[in-house]
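In what follows, chain A forms one complex with chain B and a second complex with chain C.
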Partner chain A sequence: MSVVRKAAGRRIFLAACGFLLFVCLLGAGDSPNPRAKTYIKKLKNGHYQLIVDKKPYIVKGACYSPIPIGQNHEYDWWSDPNKPWIADGKLMKEMGLNTIRIYQPGENPEAVKRVLKDLYELYGIRVIMGHWLGFWEYPCPFYGDRFFQDKIKKEVFEMVELYKDEPGILFWSLGNENNYSCLRDVNIWPSEEVDKEPDPQKQKAIRARIYYSFINELTKQIHQIDPNHPVALGNGELVGLDFAKDYAPDIDLVACIIYRGKTFGNLFNSLKATFDRPIVLAEFGADAYDSYLQKEDQNMQAFFLESQWRQIYENLANSKAGAGNCLGGTMFEWTDEWWKHDENNPDSWKAHDTGAGWSNGSYYFDIKAEGNKNMNEEWFGIVSLSEELENGLNKRLPRKAYYVLREFWSKPALNNTKKRVKK
Partner chain B sequence: MKKFLVLMFAALIIAPAFAQEQTNVATKAEPAAAAKEFVVYSDKNARNNHYIPSGWMGDYGDIKLNDQAMDNPYSGATSMQFSYSSKKSQAKGWAGVYWQNPANNWGSKKGGFDLTGMTKLTLWARGAKGGEVIQKFKVGGIGIEPKATYPDSAEVETEPVELTDTWKQYTINLAGKDLSYISGGFGWVTTSDLNPDGATFYIDDIKFEADPAMKPEGKKLEGMPFYIYSDRTSPKNHFIPSGWMGDYGDIKYEGASKEDPYLGDSCIKIIYNGKAAQGARWAGIFWQNPANNWGGSDGGYDLSKAAKLTFWARGANGGERIEEFKVGGIMGEYSDSDSATIGPVILNKEWTQYSIDLKGKDMSYIIGGFAWATNIDNNPEGATFYLDEIKYE
Partner chain C sequence: MRALKISLIFIFAIASALYAQDENKLADLSRQIIEAKTSAEFYGPFEELKEEYFSRSAIQSEGGIPQDAGKDNKYSDFIDFLKSLSAKKDIAGPFINYYIALTRYNQLKSLEEKQLWDEYFSKGNDYRDELARLSQKAIDATMADDALNIYSRLLLWQFHKDQQDSSSEGALQGLMNSLLEYSKAANDVKLIKEAADKLYSYAEKGKAKELYKIYVDKIISSEIKDEALLVSASGFYKEGNLDLSETLYDVYIDRLAKSGGKEKLLPVLKELAKDFSYKDQGFNDPAYAEKLFKRMEEDAGSDVFDEELMYMRAFNLEKSKEYPKAKEAYLDLLKRYPGAQYADEANFKAAVIYTYILRDIKNARPIFEALAQKEGIPPQALSSLYQLGLVSQWENDFVKAKEYYNKLLEKAGASFAQTTAMVKERLKEIEESRPMEYNLRVFLDLSLKEENKEFDMTKIALSASPYESNKEKTVNITSTVYTTTSGCMEIQLQYLWSEDLGAKQPIPLALPAFDTTYADKGTKIIGLVVVSPSGVVDRSMVMVDVN
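For the complex of A and B:
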C-alpha cells in the first residue's frame, strides 16, 4: 500500500469520489490512505508535494548528529544530560529550520522519544528517521542472506513500531548510500547467486535486484505497520534507480545523498526520467574550510549552500521552470563533528583537524589543494563548536551560512541575483 | 581594394594605437576600441603588424617559416608559409605558433593590447595541396593555465579546419569575450596524427575586426554522429585525450595504431602496465575540451541530440577488465551537465561494440566527452586494449 495519492481537480466532486473510492478500496486492503497525517500528493501537472497535517510542507532541514568535542560517533547523545537538542532546537527554530534527519535512532527508546517530543513540542521540528540497514556491519552487509535480511527487518520494524505514533516523525528513510554496495565498490557483499556469475556487469545487476527487492519488502511491511508516514529510499546519487524502478516500486520517495557543488545539474529531470518519485535532498552541502589557503572560509560554504537551496526551491511543486518533484532537503550538517578526520585516533577527536579526506572538483575554490583533497569532513557544520562550554555543551557558533539561509528561507529569492552570496 | 588604399586606410585607423604601443607597451595594455580593425599580420614588415610569430610550441623543430612567401599571397606582396614536417622533433606529436606581443612573451611580461570592441578575428589560409588539417586556430590563452603574471583575458579556439588548395577566409567569433588584455593575438596548432605526412600551408591577412553584426556564440547544437575518434587524421575527431588520471605513468597512449583497426586506417592503442607509478593503483584517461579542462574553464559541446555513445573495443589477449567507460561527469566551476557509465567490461579479443545509453540525460554541456578507467587489482599484469570509432549518435 502506498501513501502516494493523486490530486483532485474539482474539489467537491473529487472529494466525494475520493471518499467513495477510499471506502471501496479500504475493503480491498490496497487503498491510498486519506487519513494519513503525512503523505505525498501527486498534482495534476505531475509535480509532487509532501502534505503534513493537511498542508504542503517544504523540508527545510539539516542532518543532525551532535557529537561533542572529544567524542566520536559511538557517543550516546540521546542520553546526554545536557540535552543538546534543546539548545540546537532553539537555534534551528530561529533559523527557520523545520526538520532534522537522523541516520538511526539511539538504543534507548525512552531517550529517543524524549528527543522527538522535545523537538516537536518546543520547536515544531520534525524528524526524518533513518536506519543504516546494517550497511557498516562487519565484514559487509549480506543482503543476499536471508538471516541477515531477517535481522535487519526485525530492527527496522521495531523502530517503526516504537516511534510511529510520535507526532514529530515526518517519514522513514531506509539506508544511506547502501546502493554503492551493489553498484560501486563500497562494502561489496557476496552471495551464492552473485558468485556464480562471471560477468561483473551482471554481478552488479544481480546485487541491485537483491538489494532493491529487499528494500521493497521492508517498504511494504512498513506501510502495513504505519500507513501514516511515507518511506524513503536513502540512495547515493541516482545510481541504481533504474533497478529500483523495477524492484522497489512501493518506495514513496527518494532521499538522495549528493555532493555536486553549486549545482545539482540534471538531477531532478533525470530522476523523473528514471524513477518517477519525489525527492528530498537528504545529504548535500559544503564544508567551511579552504584546503588550498588553509583557513576557514565561511563565505565559500555559504556560497554553495545558498546556490543549492535556491535550486531546491526552483524544483518544488508548481515551480515555473523546475521539475516540480523536489520536496526539500536536509543539508549536511547541523554541527561540526571533530572526530571524523582521524576516527581511529581518540586524541584527534579533541582537535579540529584541517585535513581533507577526499577530493571533489565541484567544490572548486580549493581544488588546487595538495593532492586535490578539498573535502574537510570536520567542517561541514552550519554551526561550529567552541571548546568553551555553555550549559555543559560546546558553545554553538552559527556560521555565515546560518544567517544566509535564515534570510533565504524567510524570503526565497530565486531570481534575484543581487541577493546571491558572492564568493 | 588596391593595396595602397588599404594601407592608407589602415594607417589612418591604426596609427593612434600603434603610436601608443610604442610608448606604453611596458605599462599597460592599450585600448584599440576606437579602431574598426586591428592588424595582427598583413605583410612582411608592414608597419601595422602588431604581433610577432615568435611563440613556437610543441615540436618546434618540425616547423619552418618563410615569412615572405611570394608564391601567390592572398593580398600584398607576401604571405606566411609554414612547413610542418610531422617528425616529432621534440617527441610531442603536436606543434604550433603563437603571434605574441612582445615577442616570446608567455605571460611573464606586460604587453599585449586592449582589444575591447573587436568582435572577430579573420584570416586567410590555404594548403599547398589541400587536405592539410589545422587542429585549431586560436586567439588569446597565453598565461591562463598555469596562471602567469600577465595572463590573457580570454581564450577562444576553433574546431579543426581542413584547408583547401585555394585561399579561404576563416573567422573566430569573439563577440562577448573579454578582450581587455590579449598578448597572444593569434595562433595555430596541429598534430602529427592529423598530418602524418606533414603539411605546408599559407596564412595571410590576420586581423581583428569590430563587426557589430557578430553576436556572442552560444553553444551550437551539434549534429550527429559526433565523433570523438574516427581515424588518426580525421578532422571529425573532437575532444582531446588529455585527462590522464591515477597512475598516469602506467599508461602509454598511441592514437595512430595500425594494429588491426576496426575501421579506417588506424585505431587507438592503450597499454596499461599496472605498475602503480603514482601509487594510485588505478588509471584512466578523459577526453576533454579544451585539453586539460577539469571543469575550470568554459568549453565543451552541446550534444543534446545524442541518444547514445558507441565505441568499438578489443583486448590484446581478451579478458582485460575495464572498470568503467564514461561520458561526462567532470565536476568543477563549469561542470558537465550529466554523466553516464557502463562497466565493468571484460574485453573480448575480437572487436566488440559497446554502447552508453544517453536517453533522458542532459547532454547540453559536455566537456568530458569520453573516459575509461581500470585498476591494478583486476589487471595485475596490466592490460593492452584498443578503441575505435568512438562517437555520439
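For the complex of A and C:
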C-alpha cells in the first residue's frame, strides 16, 4: 500500500469517525423511536421532551367536550352541522392553545376525521385521543374477564387504525381514572381470582396487576400498529403507578388527573421516584363558581389556573429547579357543560346549576360552603356558554382565565430568580 | 352647624398635627439610615421605618384624611420611599432590597386575601419577580453570619413555599445551611427561634425541631439559671409551642433531679403532668403527660399517686386512645381507692374497654354486674344494665336480655328518659321478634366477634367535643375516615352511628359528624361503623362523660 493511499485511508477513517461522532451527537439522549413523527426524548439530564415534527412541543391544552345547553354527554357533537370546533378552534388559537384532549372519539369515523382535519389544518391544534376502556359500562368494567378485554382491545385498535395517519393526532391516552376501580372504591369489579382472595388489600393488588397488565398489552399492540405516536396511561393522581411500573413498562408517558388546588405539590418528584415517565397533566383546573358566596367568580378560577400553569412550566425539560418531567397539560375544560350536576334529569340540562358535586379543601376560597361542597362541575369552562345563539351555537364567552392564560403563555413568568423560560 | 364646623376643624388640626409629627419621625429615621456607618446600624431604623410607615397609613385612615386604602397604595408608596433612600445611601442596598421584597410579599398576600384581582393579575408577576430577584440580591450581598442573610433567605423560602413551586426545596436547604452557619457564630439566638417558629407554622416540623434543639442548646450553654429556664418553658407552653416547652422542661427536670432530689422534683412533675394532661380546653399533650407520670412512678413508686392523679392518668390515657393502658390505670385506681369519687366511672370504663376494645366479654361481665347491683340509681348502674342486656340480646339470650332491661326500667323509674327510651326500643325488638337495630347490630358484630379483629379502629378518627359535658349542652361528634384521594369521583361512604346518640336520632347515613345533647348523666358510648362500596372500612368508639 502506497503512502498516498495510506494517507487517504487515514483521512477516510477520520472522516468516518467524525461522521459517527456527529451521528452520536445527533442521537444524544435516549430516544426510543427518533424517526417517529411524535416521540418522547429523554435528555442527558434525565428530563423529558415531547418531540413533534422534530421540534420540542409543550402541550398547552384543554379537555374538549362541547356539549350544547340542553344536551347531555350522549350528544354527538362530532356531527353537529354548526361545527362547534370551528368557533372554538379560532378562540383557542387566539389564546395560544395548541392541543385538545378528547376522552373518546365519536361513533362516526368520517365526522371524527373531519374534526381532526379542521382543527389541525385551520388552527394547528393537535388532539390527544383518549379511550374510556369501558370504564362506564354497566354494571362495571370487567377487566379480569377475557371477553371484556377482547372487546375493549378491538375498539382501541380500531380507533388507532382509523386515526393514526391523521396529522392532528398528538398521542393516544388509555383510560381516565380507571385505576380507582382497582385501588379505590369507584366502579369496583369482580373476577374469579379477586373473589377467591379474602384479604381486601391483596384483592386490590390483584386488580391492579390485572388492569395494568391489560394496559401493557394494549400499549404493545398500539406500538405495533402505530409507531408514530406515543401511548399515555390515563391515571387518577399517582395512585397505582408503583404497580404500573412493574406491569405496564411499555407505557411512554402518564396522563394524570390532578385536583390539588393552587399547585401540584410534590407530584413531579413523586412521579420520578415511583415510575420514571414524563407526565402530561391531563385534567386539572378550577371552577368559576363560588359555592360559599353563591355567585360566579371568574377571578378565583383564573387565580388557580395561572398558578397551576406556572408550576407546569417550572417542571418542563431543562427547567432550573423543577423535575423536568412535565410535557404540559390539558386543563379541565374548554366550555362549561350544563348537564353535569343533575345528569339524570333532562330539565336540568337547560339550567346552569349552581350545586356543587364534591368537596376539595385545596380550593380554599369557597370551602366554607354548605357541607364543604365547593366543586361545581358545570362551571369549569375557560369559556362559558350563553343561551343566546351565534351561528347556531351557544355563544362562547371567554372567562377571565382565557385572557390571563393567553398572557401567561405569551410571557411565562416563573419568578425563579434566574432568567425566564422562553415559550 | 357651627359645632360641627368646629369639630371638623378640630379633627383636621389633630390629624394634621399627627401627620406632621409622623413626617418628622420618617425624616428622622431616614437621616439615621443615611448617617449609618455600619450595617449593624441599619436594623433598628429600617424596622422602625416599616412599622412607622404602615402605622402612619392607619392613622391617616382613622383621622379621616382621604386615603385609597382599597388599592393598597401604602405598599407601593413605601417601596418608592425605599427606592428614594437607595439613591442616597449605597451601602444600605441589601437592606433596601430585603424590605422591598418583604413589602411585595405582604402586598401579594393582601391582594389575594382582599381579592383585589385587577392589580393581582396585571402586576402580580412583576411583584413576584421583584420579590424573588431582590431577596436573592440581598442574600448574595451578605454572609451567613449576617442576620439580614437569614431574613432574606427566610422570605425567599416562604415565597416559594406559598407557591409550592419547585424552588422551595432548594430555598429551604439554603436557609437551613445558613442558619447552621449563623448559629455557630451568633450570640443572639432569637433569630433561630424566629426561623424555627416560621418553619413550624409551615408544617416543616422536622427542620423546626432541628432549630429548636440548637436554640435550646444555646440557651443551656449560656448557663441560664433554673428559674429563668422555668420561666422560658412556661412561656412557650402559654404560647402553645409545646415541643419547645417540653424540651426546656426536660432540661429543667434533669437539673432538678440532680440538684434537688425527689422532694423537689415530685411536686414539679405533678404540676406539669396536670398541665399537659388531656383537657377539653387549653393546650395539652397527653403523650408528654404520660411520660411525666411514668417518670414519677419510676422515681418514687406508684404510692406517690393520689386518687386525683390516678384518675387523671387513666383519663389521659383514655383520651389519647391508649385503651388497654387506660383500662389498667382505671383498675389500679379502683384497687388503691375502692371508694374513689370516680369509682363508678372507672369501673364502667374498664368494662367498656374490655367489651368493645379487647373483645373480652368474660372479664367485662362481672364488672357490669357489680355496678348493676348498686343501690340507688347511679348512672353507671343503669348503663351497665343496658350493656348487659345488649350483649345478651346480641348473643340471642333474649330471656336474660329482657331481665336486664326490665330491671333497668324498674330502677330508673321516671328518670333517665334517653336511656329508658333506648331500652324500650330493644325490648320492642325482642317482643316483636325483630332483629336488633341494624347499625347497632353491625357495630356489635364488628366489635365483639373475634373473627373481626382486623377492624381495629385505626382507619377512623372519631372524637367528641367536649369529652366532658353537661346535661343539655351541645356535644359535637366528628369522624374522619383515612381514605386517599379519588379526584372528582368521591367515594360514597356510609356512616352507621349507634349506641348513645343523645337527642339527635336517627343520624342520616351520609353524615360524618353531628351535634347532639344528652338529657341524662353518665358515661355515653358512641359507636360508629363506616362502610364503603367495597365493604366495611372500620369501626370506632368514643366515650363522653355527662355531668
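FYI, the second predicted complex is superposed on the first by the 383 of 423 C-alpha atoms of A that agree within 3 Å, B and C clash if a C-alpha of one lies under 4 Å from a C-alpha of the other, contacts with A are read in each partner's own complex, and residues count from 1 in each chain.
Convention: a residue touches a chain if its C-beta (ideal position, glycine included) is under 8 Å from a C-beta of that chain, and two chains touch if they have at least 3 such contacts.
What you see is a predicted model; the values in this text were computed from it and never measured.
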Would you mind checking whether chain B and chain C clash or fit side by side on chain A after the superposition?
clash
Touched partner set for A:Gly265, first chain B, second chain C, both or neither:
both
Touched partner set for A:Pro200, first chain B, second chain C, both or neither:
both
Could you tell me if A:Asn299 is touching chain B, chain C, both of them or neither one (first, second, both, neither)?
second
Have a look at where A:Gly357 lands relative to chain B and chain C in the superposition and call it first, second, both or neither.
second
Between chain B (first) and chain C (second), which, if any, makes contact with A:Pro81: first, second, both or neither?
neither
For chain A, which side has the bigger count of touched residues, chain B or chain C?
C
Mind working out whether A:Pro139 is in touch with chain B, chain C, both or neither, as first, second, both or neither?
neither
Residues of chain A that sit at the chain B interface in one complex and at the chain C interface in the other, please.
200, 263, 265
Sort out for me which residues of chain C touch chain A in the complex.
112, 115, 117, 120-121, 125, 128-129, 131-133, 136, 156, 163-167, 169-170, 483-491, 532-535
State the interface residues of chain A toward chain C in the complex, per the touch definition above.
177, 180, 184-186, 188, 200, 236-237, 239, 257-259, 262-265, 268, 283, 299, 302-303, 306-307, 310-311, 314-315, 319-323, 357-359, 375, 377, 400, 404, 411, 413-417
Would you pull the chain A residues touching chain B in the complex into a rising list?
199-201, 260-261, 263, 265-266, 269-270, 273-274, 360-362, 364, 367
Can you tell me which positions in chain B touch chain A when the two form their complex?
294-296, 321, 330-333, 335-338, 342-346, 359-362
